[in-house]
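Once you scroll down, you'll see the structures, which are given as structure tokens.
Both of the next two complexes hold subunit A, though its partner changes from subunit B to subunit C.
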Partner chain A sequence: MNKGIAITGMGIISAIGNNVAENHASLINGRKGISRISKIDTIHKDAIMVGEIDFTNQELEGHLGLSPENNYCRTAMLGAIAAKQAVAEANIHDINAHKTGLVSATSVGGMDMTEKYFYDYIEQDTHRKYIEAHHAGDSTQKIAEQLGIEQSLVTTISTACSSAANSIMLGARLIKSGKLDRVIVGGADCLSKFTINGFKTLMILSDTYNTPFDENRKGLNLGEAAAFLVLESETLVKAGNKKVLSYLKGYGNANDAYHQTASSENGDGATLAMEKALRIANINPREIDYINAHGTATANNDLSEGRAFIRVFGENNVPDFSSTKAYTGHTLAAAGSIEAVYSILALQNNTIYPNLNFKTQMKEFQLRPQTELKEKELNTVLSNSLGFGGNCSTLIFSKNA
Partner chain B sequence: MKKVYINGVGSISTQRTFDNKAFLEEVIVYEDNVITVVDPNYKDYIPPAAARRMAKGIKMGMVASKIALADSGLENVDAVITGTGLGCTIDSEKFLGKLIDNKEEYLTPTSFIQSTHNTVAGQIALGLGCKGYNFTYVHASISFESALLDALSQLQNDEENNILIGGIDESGEQTIKIHKLIHHVKKEAVKSTELLNSGTEGAIFSEGANFFVLSNKKQQNSYAEIIATETFNTLSKENLPLAITSFLKENKMDIADIDTLILGNNGDISYDPYYHILSEGSFKNTQQLYYKHLCGEFFTATSFGFWLASKLLKTQTVPEVVKLNDLNNNGIGTVLLYNQYRGENHSFTLFQKC
Partner chain C sequence: MPWVSTTRYSFVKKRCLKLPKDHYIKSYCHIQENSVFLNGQPVFENGSSDFSTFIKSAYKHLETDYPKFFKMDNLSKLAFLAADLLLQHEKTTPEKEENIAIVLSNKASSLDTDRKYQRSIQDKDNFYPSPGVFVYTLPNICIGEISIKYKLYSENSFFIFDNFNPVYLSDYCDNLLQNRKADKVLCGWVDIDKEQYKAFLYIIDDEGPILHNTEELNQLF
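And then the complex of A and B:
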């Protein structure tokens, strides 16, 4: 019998709120965070929409109390804010009192600074402090520093859009194998010209609000966000008589091995990932009450993921599902942890958040996402994250261990 | 818990290590501050049309993984786990350079697609048709050890039987240029035989790809048993000896059980003192080896150290060129690998003869 891993804290900052409560309020009020871009000067500004966080870098530095000499990239600052919230909710005061690790995820890392100062670095020395902040691991080192984690396991995963789901998965395995007593897991990615232009060349950016699982979907909106969870061992939970928000019951990662960027038409990787997660959770597909889909609103993803739902659950038995990307945009490496927070909120509130902007059912199958806020008893929620390189991940959250 | 073995190796480095029959019999001596790998004939492994589209890191990774897999005698693996500190730097620089130069116009997707950190792991899976677990770690100088730790736990717990792991980093022109500006790259050319006496800041920047097949079944041609690995985000010089003894104790060993210590000295006067703490302290009576004068410094350079440990344990020979002190053993039984980069992201890895 598989026991779930206890989740004792969570934190989030996204285009729909600067903490868990604000995110929840936006979710239940159908308030999306998608707008024209304001903080990055790009020639595509009138052709795309994004999920941008209101705070400027200067404001974020203020929140964290960083000295003017700091070399934090935006990813690191967003990550630190979300991770601190998670640790506070878990009521952790002495972070090094037990074997505590950090597993973060990012795809952008310090690219926001690199793209600003690419040639400037050569010409003058004013911004050279950011050279060391470019690589992905640096943002995680900074988050660890902000949390006060020392002499411990701190690492970073980058598997494109499934990254944060994978950091949650690794964290669970580190607790299970006894390597750590508790671990802060999640991901952070800021918006950058690099990713905006990259996705633009792939021609998968929508010029309007993204519409997951809609026949006439035009592509994704990029977003920026960070979210972290605190996972703790059974022993620590018992000893501290801690409040458990929910349990991570199952997880699975598989590779589509089909194409460097596109998902296979039949959703092989997503199917395998969901099946693995169900096996680890040791539950029947019928026990899934709600799916928080990856649902990026690209032609390829939604078709592939929808077909995978049908393969795993049967066409007439697909549980209620929705994609929350219409609220936040696609937050890339952070998406898995953003949606983990939303899955846990769904369980806590027995509420399914609507798939906004949906109008027309896709012609390839009979699947319709949940489009209205729905209250129902939820016990088990499944969340998917699917990415470049064929990387597919599934997490299953449950009220019960 | 199952024991875990190294059953295949594949190394592309600044030495001619892609030939698994050789073991540093011939060594290339460099005199530079940036060095590049000795290329195998990539076309022997990858169709030329595909190879043309790949940046060097992808090619190195693909080929090193193929050499390791062939060496293990397996046709496929259950999972692929890679580590890379900087990811696909060449494609990132290419895409970003064009983006800035052309003011966001006339961009094509190829270099963006290939700039993703998990490109190599994804390409390997694609090539093998491996639909299993596929992870990429990107945490500076412990990127490779994170991949190793992940593989080790899955094999020990018998969740998988054969896992391909690897460390890859490629040199990007702009990356080298800006790291020279902040003196992470040595200002002057240094002869590799004199690396540890340079007396200056910075390291000799380099690149490489080292892959391994790890299995929880011993084979006749197994290289070594891998016991454990542990990483630390921070560690002071004062706490280093205690961290090592605790690590050894967790693995039911003490310092006297280690007959060979492999250190990551890179000739940086500011950070080599970490290694001196061990070489002049608790391990002063232990045979000590080093390797960064052979492979240079890059975030996944320890994967070359891992290759060195594998070869030492299998061949039971110590090439003269890697010796850091004059102590010799009767055979090599237990090897400890220690590394850090610029005082951060420390790792210990423990091997045993099998």
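And then the complex of A and C:
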């Protein structure tokens, strides 16, 4: 089975733009969204940099027209904004006209509100409404509610940094198996002390701009973002004579049986995931024109992922690659869909976005990311999302079905 | 108590010949009430001790020799030891890189460790959120521990049910085998909460002494 699944809409909100056009403008102009943190009062504020979205929660509530009694966490609001953009681009007016599902990824869910009001809950009931917004599934339900999806498959995936890639993959499989006619897939994660402190404990946060695939990389910058795609069945695309942005051609998910959190040094999981995706797409590694790497700028990831590139493509045949994490920060559960949008933009514009902040080649191998904006005919793009515990996923997008 | 009579054994064998498309329980093990059984036969017993002491003594007795064992939480120790006993018995080695799926289930999820972690952050004056404990606050980490030792890059799932659910598990595993997602499945129940524990694991294969169906599973459980 190698027929691609049509992508008919996409939406995004990230530190480098509030919609697809703004994100694209930032990508081609090398404008990164990394700064000191302003919206969360953390003791680590001088020790970290993040990719923050400008809007305050109040502004997001305004955009969505939510009543003051709402209990939307920031993840749900970001997700709803991106998902609505995707549905609008796909020109969907009656969402319940066909079997339409939602698969949304998140790692923090409503943790932002929980950590803000936790001690308050016991004392008074002002913010207790957020207790119900805590779990990951609630943000998905809120997004479904905003899209008006009634009685359909609505589900949440939380597999750390490969979450959104896995939700895109599940969506494609739901269409292939005929369970759904169309599905909105993607992920959302807001910044929270929970993630900042967690990653701080792992000692993988950089105190300056992250530098993917650089010998002197110091770790990642966390980011917040949401992005969604609309996947539609061949029948619906034909019947509606719909414009197809690109096709999801292949996907693969693997574990690397190595460690609870770290990825194996030799990139076993990433290698397996890329090989599986190439097999499903039924294409040769040589047909990959560009890789949007996971490239978090941690010591572990970039070494492991680079070695996996060499294993899959051969040391001298690794395609042009870059990580866009220097623009957005690592947006965790949303990363797979953020980078799916960037991969599709790359295809649409025949453009490879630069790997910012790269200076020194890593000593373990001869790989250099693409550091300048490059225009070239692109037909097939591979995107990696490598998660904790070696939960690794690869998506392959192409211009043609 | 797990036990298979010779009569039933031969009866099952006859059925095997008739239904070549079925799957079979190759071997199974139990860990409960301070005892370890392999295919119904006792292999270790340590009368009166708490879980930690018991599982450590079982580890020593079975000559498991895997130092990472001592870092594991109780659920992982239980699942790992049961799986290791079965996989050793089946002569599985990491070098063979077999495609064995792992499908486990329980009732208490990782509550035993969740509580332990909660205690470590509850006391404001003695606040220590240990990453070493935190990583085990998910039930499927025990699948990871088995995968790491045996280099299994295979399909895996962890289900949480009110009770042992052979209907769901056997459907799920038969499906994995029928669709060639896996060549064998390591399946079963591993549950621990507040000193109450039980492991019942089995390997499903193309051949074996016991037919893989819900009646047999209920019987063995």
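Note that the second predicted complex is superposed on the first by the 400 of 401 C-alpha atoms of A that agree within 3 Å, B and C clash if a C-alpha of one lies under 4 Å from a C-alpha of the other, contacts with A are read in each partner's own complex, and residues count from 1 in each chain.
Criterion: contacts are C-beta pairs under 8 Å (C-beta built on N, C-alpha and C of every residue); 3 or more make two chains touch, one makes a residue touch a chain.
As the structure is a computational prediction, the values presented were derived from the model and not from experiment.
In the three-chain model built by superposing on subunit A, subunit B clashes with subunit C. Of the two partner chains placed by superposition, only subunit B is touched by A:Thr114; subunit C is not. In the superposed pair of complexes, A:Asn70 makes contact with neither subunit B nor subunit C. In the superposition on chain A, A:Glu150 makes contact with subunit B only, not with subunit C. Of the two partners, subunit B and subunit C, it is B that touches more residues of subunit A. Look at A:His259: by the touch rule set out above, it reaches both subunit B and subunit C.
In the superposition on chain A, contact of A:Asn18 is made with neither subunit B nor subunit C. Of all the stretches 22-30, 58-66, 184-192 or 238-246 given for subunit B, the clashing one with respect to subunit C is 58-66. Residue overlap on subunit A between the subunit B contacts of one complex and the subunit C contacts of the other covers 201-202, 254-261, 268, 272, 389. Subunit A meets subunit C in the complex at residues 201-202, 254-261, 268, 272, 389. Within the complex formed with subunit B, the residues of subunit A that make contact are 42-44, 102, 106-107, 109, 111, 114-115, 118-119, 121-122, 125, 128, 131-132, 135-138, 140-141, 144, 149-160, 166, 170, 173-174, 177, 179, 193-194, 197-198, 200-202, 253-261, 268-269, 272, 387-391.
Contacts from subunit C toward subunit A in the complex involve residues 129, 131, 135, 141, 144, 147-148, 150-153, 156. For subunit B in complex with subunit A, the residues that touch the partner chain are 80, 85-87, 92, 95-97, 99-100, 103-105, 107-109, 112-119, 121-123, 125-126, 128-140, 142-143, 146, 149-150, 153, 156-157, 174, 177-179, 181-182, 184, 230-235, 239, 243, 299, 344-345.
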